[in-house]
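Down below are the structures I want you to see.
The following pair of complexes shares a single chain, chain A, combined with chain B in the former and chain C in the latter.
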Partner chain A sequence: MASDNLALTAHLMRRAGFGSTRGELEAHAARGYADLVEDLVNPERFPEVEEDVLERYYGWLEGVQGQVWAAVWIYRMVNSQRPLEEKMALFWHHVFATGVSKSDHPPSSIQQIKTFRRVGLSSLREILLELSRDPAMVFWLDNNENRKGAPNENYGRELLELFSMGVGNYSETDVKMAARAFTGWTFAQPLGLYPYGFYPSRFVYREEDHDDGVKTFLGSEGNLNGHDVIDIIAGQPATARFIARHLYNFFVADEPQVPAWSVAPPRDPEAIDALVQAYFDSGGEMRSVMRVLFNSDFFKESRFKRIKSPAELVAGVMKLTGANRFPDTRALDYADATAAMGQQLLNPPTVEGWHTGMEWIDGGTLNERVNFAVGQAQDAASPGVKAIIDRLAREGAPLSPKEFLDRCLDLVGPLTVGEETRDALLRHASAGGDLDLNADAQREAGEGRVLRMLQLIVASREYQFA
Partner chain B sequence: MGRPYAMLRAGFPYVKTVGMRRMTVNFPVDLAIGKEGVLHILCRNEEGAMVRRLTGEDEDLGSFGSLGVGDGQLRWPVSIIADREGNLFVSDEALHRISKFSPQGEFLGKWGSHGAGDGELNAPSGIAFDKDENIYVADALNHRIQLFTKDGGFLAKWGSHGAGDGQFNMPWGVAVDELGDVYVADWRNDRIQKFTGGGRFIFKFGRSGSGESEFHRPAGVTVDRDGDVYVADTGNNRVQLFNHEGRYVQKFLGDATLSKSARAYMLANPMFLRLRDMAVIDEQKLFRSPRSVRVDDQGFMYVPDYGSFRVQIYRKDVERLREDQIAAPLRSPSLLTA
Partner chain C sequence: MKRKGKEPVLVVTQLSGGNDFMNTLVPYASGHYYDARPTVSIDAGEVLPINDALGFHPNAAPLKELYDLGKVAVVQGIGYPNSNRSHFRAMDIWHTCEPDKVGTEGWVARAVRELDPHGENVLACVSFGKGLPRAVAAPGVPVTSLGDLERYGVMTDVAEEERGEALDVFKRMYTPASTGPEPAMERLSQTGLDVLRGIDLLKTAPETYRSNVEYAANPIAKGLRDVARVHLADLGTRIFYTQHGGYDTHANELPTHQRLLGELSGAIMDFYQDLEEHGAGDNVAMLVFTEFGRRIRDNGSGTDHGSGGGAFIIGPGVKGGLYAEYPPLAPSRWLNGEDLRHSIDFRGVYSTMLEQWMGLDPVPIVGGAFEQIRPFS
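What follows is the complex of A and B.
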């Protein structure tokens, strides 16, 4: 049976990253939990993903279509030695949901994710400032049309409602004042797709479009610009609480959907309080907040209390099977798989982002999840599956059906399953008797049994949980 | 005609741009100059692969090939070369094979199988003919060069994985000069290596970086009749030119103007005209991630401008010198230049 330390380490790596290979997991567990958390929240200690190979095979990454870049992002989720960097980028992509479908300008959406990767663990103030200067966001919420005398309130409203404070913590006047503060925050017109392909855009501040009149925002009065509004927002208790709840929902346990937060209390108010405290203790530094989160008891006790997002499921299966470790021609299939499961990366459905938890699951998406995982686990030659078979074989003596099941659950997760699932898996394991991978005559059949067991496990209800 | 003793390099002016996104060219990775100057432009991305055919005057002659794994299809094509009859050979690093097409694009055959043994391929990348029309193949993931007959018969190999002389790290482009020597763009070692046709190491040049004679993942290499070596310095978004000894001469960053097809397209689209009018156009002239460079006997240099869906064309302007026209070589630089 897996040690609790190993299971806890696996939990951490599923949440702070996208899972681990068994070898990685054992090495991480040997280091100690707190040290591992320090490595995770300090990703700059580790080398970046080598993009030259990705560019060689998938093309110039600044110029590819969104779905190709999404495929490359999945590769990074699987292979990055900085898993929390990728996970924070995905987190902010959930929170600051910006869809490429409106602009049809992938370079801007790509740039936005790269920004989230770069600043995702810095202060919320810096993150919101980058967000407000991000051409993809500026266009997504029409701030390019927000001018002195003719304000467009879209960005100001969502900045408060969905990106920082949440409904009920500001007034309609605050929305209008925020909008006025961001007048003139726009982007330079990029060259068009035709005739020679996409070109990136960049933030531009147009003084002539900025409303420099006096504004009163959340009780502060003055000639406020966007920077001032962000400073005020970042200092609000409501902001700390709102971001803490997002973090809890994404990293700890499923919460109701965001629109319900103004009426539904948090699942664990004390956990939210702890994260809020960490926020203010650190001046809003996400690195510090994440350190507190991962070291907390509420996090350690939250195993399998979240339904994996499609990106987590796809990348996690690849961690298990060893697929996608070098560019291959199936990359787009992987990106398409998350889309079929309800998460097209770079293209969340609305500014509210993807609905999470049980809303990931319906008859169609569950089918896609199970088919993908089972399909990936059916190849005995895939490195991860082969490693499991070899490991079972090295254990020497034939394994009883119960031992066979327990070892497989251990090597897949370690994964904890409910009684009903366990009974069904055990019935399957028992049908073949003891498993002996070292008897030549039984090796092929034994490998087949391991494959089927792995497929059944990844098809289980429990495997859908992180 | 042999190599000149030396050259007076008058210049290497930009001539024109041909092609545009999708209408004529889509992510061009390489090109071959066929009969009567037809440009066979090899296009590749994750959503399509084909060979587009253009005249040097930017007239669209159609295309052949499609994304797939069947005969005549292309999955991850890398390099295209034309033989003396105008037949075209295309390497495919996903399918581990070389496909042969007629000048009109009819599929004629294929060879190659996946593996690491003699004559087997693992991600074949650059290909080049020698004077007998045998084919050198940069066998990228086997980190070696292999020589085949035109029909795929194994003849020779050299190289192994590493950074020493004669070793490779994912080699990409390969070229053969008129003397039969072989140049290899040693992609992940950021250098060019030169060998005899039999694989004996002669010299190397280049190192990692973005300065003169420095490379960031050089993909393409070609040699002209004067022995000048052209390198598509992909990661630095440029082409570098070296003389036959590997001495740096000059670089090309891109000078694109609107091609004939691009001009016609833009004039037919008022909104695109307006958006372009609002934008700064400086950067549109520059190369983006060029993966190949080709030259012809008239001194034209063709750069498939991968990230910009076009081909930029330059022309070399030199006076070829006899030994009696130029002073003897100097051992040291001199300030006595007046």
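What follows is the complex of A and C.
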């Protein structure tokens, strides 16, 4: 059986990243939990993904052929040596859900994710400031239409409702004031092609279009500009709580969907309190909040309490099988796979973001999830699968059906399964008798049995959980 | 299996990418058309005329044939205000009936919820093609989504001879947990078992299917053949969804569009002949739509995203003919100086299908009361 340290490390890597190969997992476990957390929250200790390799294979990375941009992101999820940096980018993408559907302008969406990658662990104040200056967001929520004397409230409202405080913590007047404060925050586009030309956009502050009248926002009065509004928001207890719930839902355990938060209490109020405390202790530094989160007991005790998002499932399967370690002709298939499972990266359905947890699962998406995982696990030559077969072979003596099953569950996760799944898999293993990969006559059949067992395990309900 | 009577069945066919309606039903008598389309037009001498103003694309002969038989209602100038030119967004709008805000529930799924309120038949709605179009997705509405009928189901990558055992293990693994209800686990169990039930039911479709109709080898022919096979297996499916891609003809439109219309109209003809051969077509109506029409002027090689396209309602129960109005072609009447004007809202066409064909109250499904046409009276 797996040591608890190994299982806990695997849990941390599933949540703070996208899983790990067995080799990575053992190295991480040897590092020790607290030190590993420090490595994760300090991604700059490790090299970045070399995008020039990708560029050689995929061409212009900001191009618009198919879903290249989503494929590149999945590659990064699998290969980044800075897993938390990539995971925070996905987290903020969930929270600040911006869809490429409206703009048809992938370069801006790609740029936004790069920004999340860059500032994802910094202070919430800085993150919200970057968000407000982000051309993809400006366009998505119409802040380019937010003019002096003719405010458009879309961004001001969602900034409060979905990106920081949550409904019930501000008034309609605050929304109007926030909108006025962000007048003049727009973007420029070098070429005016339909819809905007595939050239990067950049933030522009138009002084002459900014409403510099006196505004009262959440009790503060003055000639408030956007950054003043963000300062005020970042200091609100409601903001700390709202972000804490988002973090809990994304990193710890599934919560109800965001619109329910104003009525449904948190699943673990003490955990939320601890994260709020960490937020204020650190001046809203996400790096510190994440350190507290990963080191907490509530996190360590939350194994398999979240349903994997499609991106987590796809990247996690690749960590297991060793696929996509190098730019891969199937890259677009991987992007299509998450889309078929209900998560088209860079294109969340609404500004509310994806509904998570159980809502990932319906007949169509479960079918896709199971078939993707089973399909990926069918190749005995893939490095991850081959490594598992080799490990089982190195055990020397033939394995009893129970040993065979336990070793496989360990090597896939370690994965904990319920009684029904265990019985079903054991029954299957027993039908083949002992597994002997070292007897020449049985090697090929034995490899087939291992493959089948891996396919069945990744098809299980338990495998859907992170 | 007992024949489930003649409940009306709807087949939705989505042309993805934005079909060029002007080159599908060509206004061959209009000088404005040829002025706007110096390169990407169909010669008047080649069209298949249906009257002295309009004619089908020459490669859509089977569709013209069905039209002549009175089985095709052409909905001219379909659209909605402030038509969106993004494929994703426009398709979302068609899928959710929400042009002004972002919707999450599909109109087909809402209809399925009315047809099968307790979700008793996992095959009440069957969608063919990769992924689940948002039109058929809504929380709590089971939809069966197939890439390929032969290979439908879970564990399809397991070798044939071992697949039975794999499915058996799958079923056991998804048995509801004995250790008390945990909602996420329960949802997974239920969904997994629903998928298996769907597989079991669908297995009969290819096994029992016999036909003299030979469909062509292209995606829409394959899709409609799958629809026919499932429909003929009498599994209680009320709405089918199928897709034909490639209509985004910005460049080199003429040969591409010709091929697509040939594939589409041939497949529709084969589909109805197949159903007719089995005496099973009378209760089937098809709605063919696309997310937007294309720009009036060509770009020298193809056409860019536009608005105001066309839709087709096809079937033995349809009263064929032209419905709504062909978009005005005089440049002074162009929408925003470059686009086709719509004369009927797409939600009115959905309402037509829902109310007059399926017998459902369309208002809650499409989000309001919209003017309908009368292609079934």
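As a working rule, the second predicted complex is superposed on the first by the 456 of 466 C-alpha atoms of A that agree within 3 Å, B and C clash if a C-alpha of one lies under 4 Å from a C-alpha of the other, contacts with A are read in each partner's own complex, and residues count from 1 in each chain.
To be clear about the criterion, a residue touches a chain if its C-beta (ideal position, glycine included) is under 8 Å from a C-beta of that chain, and two chains touch if they have at least 3 such contacts.
None of these values were measured; they are calculated from a predicted model.
Colleague: State whether A:R461 touches chain B only (first), chain C only (second), both chains, or neither.
Modeller: Second partner only.
Colleague: Count the residues of chain A touched by chain B and by chain C, then name the partner with the higher count.
Modeller: Comparing chain B with chain C, the partner touching more chain A residues is C.
Colleague: Once the structures are superposed on A, label A:R45 by its partner contacts, choosing first (chain B), second (chain C), both or neither.
Modeller: Neither partner.
Colleague: After the superposition on A, what does A:R202 contact: first (chain B), second (chain C), both or neither?
Modeller: neither
Colleague: Please work out whether A:R330 is in contact with chain B alone, chain C alone, both, or neither, and reply first, second, both or neither.
Modeller: Neither chain B nor chain C is touched by A:R330.
Colleague: Check whether A:K402 is in contact with chain B, with chain C, with both or with neither, and answer first, second, both or neither.
Modeller: Neither partner.
Colleague: Could you say whether A:G418 touches chain B, chain C, both of them, or neither, answering first, second, both or neither?
Modeller: In the superposition, A:G418 contacts chain C only.
Colleague: Is A:M358 in contact with chain B, with chain C, with both, or with neither (first, second, both, neither)?
Modeller: second
Colleague: Once chain A of both complexes is superposed, is A:R31 in touch with chain B (first), chain C (second), both, or neither?
Modeller: neither
Colleague: Output the chain A positions appearing in both contact lists, the one against chain B and the one against chain C.
Modeller: Residues common to the chain A contacts of chain C and of chain B are 194-195, listed in rising order.
Colleague: State the interface residues of chain A toward chain B in the complex, per the touch definition above.
Modeller: Spelled out, the residues of chain A in touch with chain B are 52-53, 55-60, 62-65, 68, 71, 188-197, 199, 328-329, 331-332.
Colleague: Where on chain C is chain A touching in the complex?
Modeller: Spelled out, the residues of chain C in touch with chain A are 85-89, 92, 102, 104, 122, 127, 130-132, 134, 137, 139, 142-145, 153-158, 162, 165-166, 169-170, 172-179, 183-185, 187-189, 191-192, 194-195, 198, 304-305.
Colleague: Give the list of chain A residues in touch with chain C in this complex.
Modeller: Per the stated touch rule, the residues are 99-104, 194-195, 254, 307, 336, 339-340, 342, 347, 349-351, 355, 357-359, 361-368, 370-371, 374-375, 378, 418-421, 423-425, 427-428, 431, 452, 455-456, 459-461, 464-465.
Colleague: Under the stated contact criterion, what part of chain B meets chain A in this complex?
Modeller: For this pair, the touching residues of chain B are 20-21, 23, 27, 44-47, 75-76, 93-94, 170, 172, 187-188, 217, 219, 234-235, 256, 258-259, 261-262, 265-266, 269, 272, 275-276, 278-281, 283-284, 288-289, 305-310.
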